[in-house]
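In the two complexes below, chain A is the common chain; its partner is chain B in one and chain C in the other.
This part shows the complex of A and B:
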């Protein structure tokens, strides 16, 4: 059996374990914890969206929350108007993806450098924050849905069974949907990265000039990566809105934008599982800190970010992979030496 | 009788950077399946000429025709899709990817998935890196990385291949192999090769074009060019009465 076979087998086993974990979780933990994990899973999807466009497309978006927030608001407005969440979920993905298409078109086809791309995405998030923040009052409504300005939109209708508005999901079912969506997004991104499109996207991240000289269009590929990332962030926003049945302009805030970047940095840029692990670990940590008064959570987040940037630049998952690889090489060398000395002993006899 | 359309033809091709004219009114014609060498001292405009041919720079004036089709000012990926491949002067490879992945990316755009696998294996044999197929390109020697780049270019099977200093930084054996590879490619494809190494030029060239200060100084058979006192003077930095 070759190394790649082994790796595939390990991946399949990990996937099966993840599906099993989602399936049995409700029996194992209290409902309060389950809702907490539902939130983590929704945020992990958001982390995946940045992990994908940054780690594999080389696009550092400081404003992934723009798409996250748009997804949440699109869901809320559509669900209130339709009275059925089926179409609302689709819109929660399509609206942010469409917005990413327009924004990305101007950024990539306008040949904007990477630094300005960060600035623009950051600014767009702030603009959306201010825009939505100033929609308080009854005159700001889309159909039956009042946007509510800084008060946000309370009591958003929850997810229902597809096409059946009378069957609204309970928290346990919402966990299955959110955890399932996380696994599904992860698997789809894995498949996308193994496809021609994904391999070309990585090549463009590595060397844009070379990719263009081989006949690949860097602008179109980057735009496609950005749109996929926007759609995934929108889905995360939809699930987040469902978790709390509430959405407010703080969803566009800088604090969250910065936190996603910390999740990806801590977990490991250039991997898919890294951002998920980083997101869950840090959210768990922040939640624990929130239960006691000794430390300020922002202070701790800042220290973690600095520690990782200075000491563990690659992040948790790539560092673990490096260590694992070294350990295997060491064991192999040991085994080789033992075999050699055994051979020498035999010859001596 | 009508003259056949040349594979590549430039007319009065000019590139100005501010007040500096890097390439000045170059008329250049290349026949199908021709192998041409381009020589000239540093700063003669060879690499700038290549950058215009591949769309990395838009010419200030003049035309570029590829099989009778104007391509001046088109994007690099558009020109590449017409069948122009280039190995640039500074190795331009995917350093963070394996040798096989580099070649795969070259091959996949023009071949079906099934054919791609076969092409990748063929190219790996040709550039003698089959044993290092899984190695990251960034870990290879300079000469080997040059080969990887040539490999990604030929994997796409372009009609015209431009090689900017393909033998730079190679050992003697590697240079010999590269010359062999170029002759092999030339059996079916046209090439333009920029090189400083005169021994290498003698190994591969028939016709040589000499660039000097952005203009074509002369264009003749290899022996005639290398015998010409003006060419020697240009390389020694003397003033040439052209």
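This part shows the complex of A and C:
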């Protein structure tokens, strides 16, 4: 058996383990913890969206929360108006993806540099925050849904079985949907990256000029990657809105935008599992910080981000992979040397 | 007529506060090619320095014009030595690290002063044009913005320091070969840019609510103006601030302040699509 066969087998086993974990979780933990894990899973999808566009498309978006928030608001408005969540979920993906298309057109076809891109995406988020924050009056409503401004939108209808508004999912089923969505998004992104499109995207990340000279259009490819990322972030927003049945403008806030960047930086850029791990770790940490008074969570997150940028730029997962690789190489060399000396011994005899 | 006068004053005020907000950021960006994402927090530190020292009995003008820039300049020196200098040439990492810094500063100030709004009374009185009233402080802000631009221009154009700064900006390696240490120039640039930002924070403290998260309200405008202005420090900042300030105030007058910001932002995105190098990259290629 070769190394790649082994790796594939390991991946299949990991996938099966993840599915099994989602399936048995409700029997193993309390309902409070299950809700917490549902939130982690929704946020992990958001982390995947940035891990994908930044790690594989080379697009550093400082405002991934813009799409997350748009997804949540689109779901909330549509679900209140339709009374059925089926179309609302579709809109929660399509509206942010459409917004990403328009914004991405201006950014990528303007051929602006990475730095400007970061600044513009950050600014978009801040402006959306201000805009939604100011819609508190009763005149700001879309159909039956009042936007609520800084008060947010309470009592959003939960997900129901497709086409059957009377059957609303309970928390346990919502966990299955959220956890399942996380695994599905992960697998689909993996498949996308293995396809021709994914390889072109990575080639453009590595060297945009060379890819362009070989006949690929970096602008179009980057735009497509950005739109996919926006749609995924929108889906995460939809699941988040379902988790709390509440959205408020704070999901557009700088604090959350920074947190996503920290998840990906801590977990490891250029991997898909890294952002998921980083997301769960940091969320857990923030939840723990919330239980005490001495340290402010911003303070801790800021220190973590600075420390990783200065000291451990690659992030946890690639560092672990490196160490693991070195360990295996070391063991192999040891084994080789033992075999050699055994051979020499035999020859001597 | 009276309405026109008061509107002009509003536009001037908008442009002036944009200039005050952006000049420090533009200097750091133009000279060092790094975007300081902790810009809003430097502003906030300037405002806090003013409020705290004014409440401790320091004269309000001294607190705004002396304490705030000196304090933020000193903080930025520490930041540059401990953080930024390891990241020269790594653009994206600088942005990430300064973002971490911004979170850290917000967390620290929240821990010390709490999440409550502080303030100082607005100095100077008001005056009226016909049926409309406005405050003299607005005029003072306009004058300060003009003075700041003039001072930066004079330093860059006429002093030896300015010559060294411009040389380093154009070609750091050649400047280094001629005996200038680019690292030292960068350090000084960062401190001067931050001190100007601190001054802006101090000047804006009387007219805004001083909270640890106040930076976020200003950074969006500041970043988009600097990016829209392009790399020329003075021509870029002045032209972009003029254009965006006008658009912002007019749209705010016609609709609401928030939609004024949205209009500013949408026009900025379109501008960047048409002129990716910013206004100064297209029209004032060789100016300061």
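FYI, the second predicted complex is superposed on the first by the 348 of 349 C-alpha atoms of A that agree within 3 Å, B and C clash if a C-alpha of one lies under 4 Å from a C-alpha of the other, contacts with A are read in each partner's own complex, and residues count from 1 in each chain.
The criterion applied here is as follows: a contact is a pair of C-beta atoms (placed from the backbone, for glycine too) under 8 Å apart; a residue touches a chain by one contact, two chains touch by 3 or more.
From a predicted model like this one, the values you see are computed outputs, not experimental measurements.
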Chain B versus chain C as contact partner of A:118, first or second or both or neither: second
Partner chain(s) touched by A:91 [first = chain B, second = chain C, both, neither]: neither
Which of chain B and chain C A:216 touches, first, second, both or neither: first
Touching partner for A:266 - first (chain B), second (chain C), both, neither: neither
Which superposed partner A:202 touches (first chain B, second chain C, both, neither): first
First (chain B), second (chain C), both or neither touched by A:60: second
Partner chain(s) touched by A:296 [first = chain B, second = chain C, both, neither]: second
Touched partner set for A:280, first chain B, second chain C, both or neither: neither
Partner chain in contact with A:304 - chain B first, chain C second, else both or neither: second
Chain A residues within the chain B interface of the complex: 196, 199-200, 202-203, 206-207, 209-218
Residues of chain B defined as touching chain A within the complex: 54, 56, 75-77, 80-81, 85-86, 88, 92-97, 101, 104-106, 108-110, 113, 149, 152-153, 156
Residues of chain C touching chain A in the complex: 35, 37, 83, 86-87, 91-93, 95-97, 99-108, 110-111, 216-217, 219-220, 223-224, 227, 256, 258-259, 261-262, 265, 268-270, 272-274, 276
Residue numbers on chain A that touch chain C, as the complex places them: 60, 62, 103, 106, 109-112, 114-116, 118-120, 122-124, 126-127, 130-131, 133-134, 253-255, 258, 261-262, 265, 295-306, 309-310, 313
